[in-house]
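Read through the structures below before going on.
After this come two complexes, each holding chain A, first together with chain B and then together with chain C.
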Partner chain A sequence: MQLTSKSNVTGKTKKVTNVNSALAAATCVLLGTTPVVQADEAVWEMDTALLYYGETDRITAVEGVFSAKKDFGDEHIFSGKIILDALTGASASGAVSQPSAQTYTRPSGKGQYVIDAGEIPLDDTFRDTRVQLEAQWTQPLWDDMRGSAGVHLSKEYDYLSIAVNGSLAKDFNQKNTTVSAGLSLAFDTIDPEGGLPVAFSEMVIDQGQFANEQAYQAAFDATRQTGTDDKSIVDLMFGVTQIINRRMLMQFNYGYSTSDGYHTDPFKVLSVVNDQGLTQSLVHEGRPTERTRQSFYWQTKYALDSGVADISYRYATDDWDINSHTIDSRLRFNLSGNTYIQPHFRYYQQGAAEFYQPFLLEGSTLPAFASADYRLGEMTAYTLGLKYGMKMPSGNEWAFRLEYYQQDPKNAGFDEPGALQQLDLYPSVKAVIAQVSYSF
Partner chain B sequence: MLKKVRLMLAFLISTQLVGCANLGVQPWERDLLAKEEMALDSEGIDLGLDDHIYFSKEATSGGRAFAGGGCGCN
Partner chain C sequence: MNDLFTIEQKSDHIIGRFAAMASPCEVLIETQDPMLANHLTSVAYKETKRIEEKFSRYLPNNPMANINHSEGKPVVIDDEVFRLLEFANSCFQLSEGMFDITSGVLRKAWKFDGSDNIPIPKAVKALMPYIGWQKVKYDQSSITLAKGMEVDFGGIGKEYAVDCVAKLCAESAPRISVVVNFGGDIQVTRPRHKNRPWHIGIESPEDDDKNASKVLKIISGGLATSGDARRYLLKDCKRYSHILNPETGYPIENAARSVTVAAPHCIQAGLLATLALLKGVKAEAFLEGQAVKFWCYR
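Up next is the complex of A and B:
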């Protein structure tokens, strides 16, 4: 999961028009009387969504979101969000495919699974439910200054993440320029079923070599650390939002993030292959305990006569040597006063982490860190999507989104010995994203 | 490549900042900018869901918002 905080300090409040209240207020003004009930009373704005994410032969996730927001007067805004998701399916373990079938021990140590010859090893034990809670308060402070503070909590079976954030924003130049600064502190704890593997320890596979269950368990336990592990993250973000002209506004963000602690994925392994490309053993991956990241983000929105163009670019770099470029664009075309379609295109490209290796070679010196997780390797990805939205006469809105997402991992310059040359070590991942949203 | 991108970004940002005095609109020219769909977070739910997907499947996160914590172990 990920914890994010939307830019409350620069966002605008959505206006929900209560026609009856407005008419009542107008009537009162005309008649010169004071309304008995506060006619312009703020209402809760509710946004709900159900998302399906399905990869071919891999992960399937269903995620539900319920979000509520209310202006308690004079831009004193509360927003809260509850997210529930369920995840099932299989995920690439990091091991390479082989010309013969391979047997693996499940990460919990209980049971095994077999991967057919030529197939990419997928660990099919993923099953998790996650709940995420967010609360954010934003209000004016002084001299065109706004402050915002929030808390986030995310809990799944083996992972807990808690975060707090605070930000300040100040308007200049007749509110045409907004400068903001924000800080987020997060603390994560991980406690996977079967324990955290010791980096580079060999996966214990029961092939009849153990005298009894206890002997197997003792060998398995020797590959595990005791207790849980954790990670703390400090995020800083500085932003400038600038209105360019009557139709265009821009935002620039600079983000600096540093994290300290356990960054390893406890479910990922590396194959140790011989000079024929045949797997001799499997070892658990190990990642550095620190990571410092920087991001440069630019977004522009342009009001067309009947729609909106929204384009953003992000450049990110970190001390793991992962550099990435992301272009995201949404073009909204209003079909009528209350319906629209919105094509979406996103392109992403990343370089490999300095410690990424698709496999280890038998007999070579073990590196300090290594991971064969394709998500740390070189890759490009694109998303193509279409959204259709319609506003009901009541002001409530339905929206439907359908997207296709494809990741194409690439060889970052590694020579493939023997049998590996005939196998697909970098298969594409294809996913469908479908979402229904309702705002009221 | 990296140097070029940095230079380009620095140029873009500096020209925008220097030009701030001439940029912007008068309060009565905000009709289009005030539209709901022109707010930077007008699709907050979609953006949040997208951030979660890409955080779990790619090595980079954040930019628009805080990079934040989380597992993404799948």
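Up next is the complex of A and C:
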């Protein structure tokens, strides 16, 4: 108990009858509290989460997140994060399914896999572990400003990304308006097993045509570039947060991102089909070396009597012609002072990249760029989820989240010759996401 | 959007205000987030109204009405009522019978309106058989009052509400300093950033001028005031305080006009202040013996 005011107490403790201590004990019983011991020391706030993401027949990912934050006083805040991902499973190679079985060479050049007739070609060697480290420092600067700077490092077996960021935020209008600007610079390096394929080179498949192992390897190596490749990314972000009234808050963000370098997915291929829709060969994809994206984001949070509604919309457009719309909504309902449920709905729609092609036609002129990666095609996707959170009497919080995600690729107006008409070239991807998190 | 409470943004905190328990109620929240302030004020308002409706002796069909109109029959009680009865019992024991939640029936004779209407001795005497906590029988699930007796949590209700609201705020926003201030009965959930004190305006009990107020600085813990400088009777130059002695049915002699105590919890501070008033002339001596900070006004 501290109270700064003139006191009648001399500070000396005379004979203390035990009325006060007996009363303190009775108070604790009444209020159901333990005697108050208040630590004035700033404490680390820790968050841990374990996430499972599982696609039907495709990728399974398990991710562990640990983050910690500490206020060293006067809003000098450090936050750090460690993320560990383990991915296994199969991912669509970009090739089309066929009425007969197909044999593929693994991206490493070592070994083959066979896809049954009518099945979507999935490359089942997808396996990776990723470690991500982040550190961020935020503190007030001159003139009601806040500055923040951070570093980010992400490492996979064949991929390394290093980024630095800085941002400034300033409050206006009695802190009802906050304007911010941020810059992030990233540098990525890729070095896949088996090397980076040459764009539009044909996949070398050993079907007995090679005299020996060396002859196969020589043919395979001819489809590969030497060395690694890289990509640099510059992100700019401008934001305005406005408190509309005591229940409503709005945020507008504009983002500009430009990247230069290797954008191709070394594991993706395109089928070259004849006019009957039958695959004649497989070629490695090739993407432009530059990409510029812009995004416009609007978010509104509204406090209800017993909860919070959070709705956002994002429009993104880029010079690859991928235009997308995202609507995201979360509604938090407080079931009691310590528990809540939060339904989540997200809808996403995107148009195809200008160089997206589900396959190449034999005999037609080779385009400058082409990819059959379904993630660059036309699609809609939605997420439906529910989160349940409960705060323990200690102030620590448990949260459980379960979501269903479905992605429905669409034909962006490509005619399907012959056999392809009978096959599903645009299969849906269905996934379940489960997360448990604990904050203390 | 709703007129149950209001929110006012200050430079380094937000104040939520509402009226309840015949008192101005406010929560001072060290945040700039209006959503959070709105949520905490809403939690505070609901909890205060819940306690007011449950324990007000002026409302029908609440646990108080059921107990006080039981006509000598046992009444079922819930855990919260039981805990408050246990607390009242501890206070009765600690005060050697001076703090008695059955003494409220005396207000049928005493009206402290600043006048000289001292009740006739017979009227006071007639009420005395209905006073005496030791006559009340209760256990975890029921209470039995003799016909004509009443219990009244008026002496601890507001402080109890302050502590309950503070507890909910601390659970809801454990990292944020919140002050719950119901007309000068105060609880701070945790110290502010950099241990800066909260500045709280309170009505000065020293002055009869209602506009006079003092600014109090508090860092942590609870604070409560007992006594009311404006509630008294005056006859033949003798001032009768509104603090009644349950053993005699008459006001405590030489009671302080008001006592303010600081303690870890608001209700603990409130009880120490009330027990000090019941000590009459020995109030200061009693409080000094408790090793707490206090302010006594006579």
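The rule we apply is simple: the second predicted complex is superposed on the first by the 401 of 440 C-alpha atoms of A that agree within 3 Å, B and C clash if a C-alpha of one lies under 4 Å from a C-alpha of the other, contacts with A are read in each partner's own complex, and residues count from 1 in each chain.
Throughout what follows, a residue touches a chain if its C-beta (ideal position, glycine included) is under 8 Å from a C-beta of that chain, and two chains touch if they have at least 3 such contacts.
Being a predicted model, the structure only gives us computed values, none of them experimental.
K.L.:
Which holds for A:Ala419: it touches chain B only (first), chain C only (second), both, or neither?
P.N.:
In the superposition, A:Ala419 touches no partner, neither chain B nor chain C.
K.L.:
If we overlay the two complexes on their shared chain A, which of chain B and chain C does A:Gly73 touch? Say first, second, both or neither.
P.N.:
second
K.L.:
Please work out whether A:Ala163 is in contact with chain B alone, chain C alone, both, or neither, and reply first, second, both or neither.
P.N.:
First partner only, chain B.
K.L.:
Once the shared chain is lined up, is A:Val96 touching chain B (first), chain C (second), both, or neither of them?
P.N.:
Neither partner.
K.L.:
One more residue to check, A:Gly255. First (chain B), second (chain C), both or neither?
P.N.:
Once the two structures are laid over each other on A, A:Gly255 reaches chain B alone.
K.L.:
With both complexes superposed on chain A, which partner does A:Val204 reach: first (chain B), second (chain C), both or neither?
P.N.:
neither
K.L.:
More residues of chain A are touched by which chain, chain B or chain C?
P.N.:
B
K.L.:
Figure out whether A:Val273 sits in contact with chain B (first) or chain C (second), or with both, or with neither.
P.N.:
Once the two structures are laid over each other on A, A:Val273 reaches no partner at all.
K.L.:
Between chain B (first) and chain C (second), which does A:Ile233 come into contact with in this model arrangement: first, second, both, or neither?
P.N.:
Only chain B is touched by A:Ile233; chain C is not.
K.L.:
Mind working out whether A:Arg247 is in touch with chain B, chain C, both or neither, as first, second, both or neither?
P.N.:
After superposing on A, A:Arg247 lies in contact with both chain B and chain C.
K.L.:
Which chain A residues lie in the overlap of the chain B contact set and the chain C contact set?
P.N.:
In the superposed arrangement, which is not itself an observed complex, chain A uses residues 1-8, 10, 14-15, 174-176, 243, 245-247, 249, 301, 303, 308 for both chain B and chain C.
K.L.:
Using the touch rule from the top, collect the residues of chain C that touch chain A in their complex.
P.N.:
1-2, 7, 9, 11, 32, 34-35, 37-39, 42-43, 83-84, 86-87, 90-91, 94, 160, 163-164, 167-168, 170-172, 174-175, 190-191, 193-195, 197, 216-223, 262-265, 267-268, 271-272, 275, 284, 286-296
K.L.:
Tell me, which parts of chain B touch chain A in their complex?
P.N.:
2, 5, 9, 12-13, 16-17, 20-21, 23-27, 29-49, 51-74
K.L.:
For the complex, give me every residue of chain A touching chain B.
P.N.:
Within the complex, chain A touches chain B at residues 1-8, 10-12, 14-15, 47, 49, 51, 53, 59, 63, 65, 67, 81, 83, 87, 91, 126, 128, 152, 154, 156, 158-159, 161, 163, 165, 172-177, 182, 184, 186-188, 190, 192, 231, 233, 235, 237, 240-247, 249-253, 255, 257, 259, 265-267, 293, 295-299, 301, 303, 308, 312, 314-317, 320, 322-324, 326, 330, 332, 348, 350, 353, 375-376, 379, 381, 387, 401, 405, 407, 429, 433, 435, 437.
K.L.:
Name, in rising order, each residue of chain A that touches chain C in their complex.
P.N.:
1-10, 13-17, 19-20, 22-24, 26-27, 29-33, 35-36, 38, 40, 45, 73-75, 174-176, 243, 245-247, 249, 301, 303, 305-306, 308, 334, 337-338, 391, 393, 395
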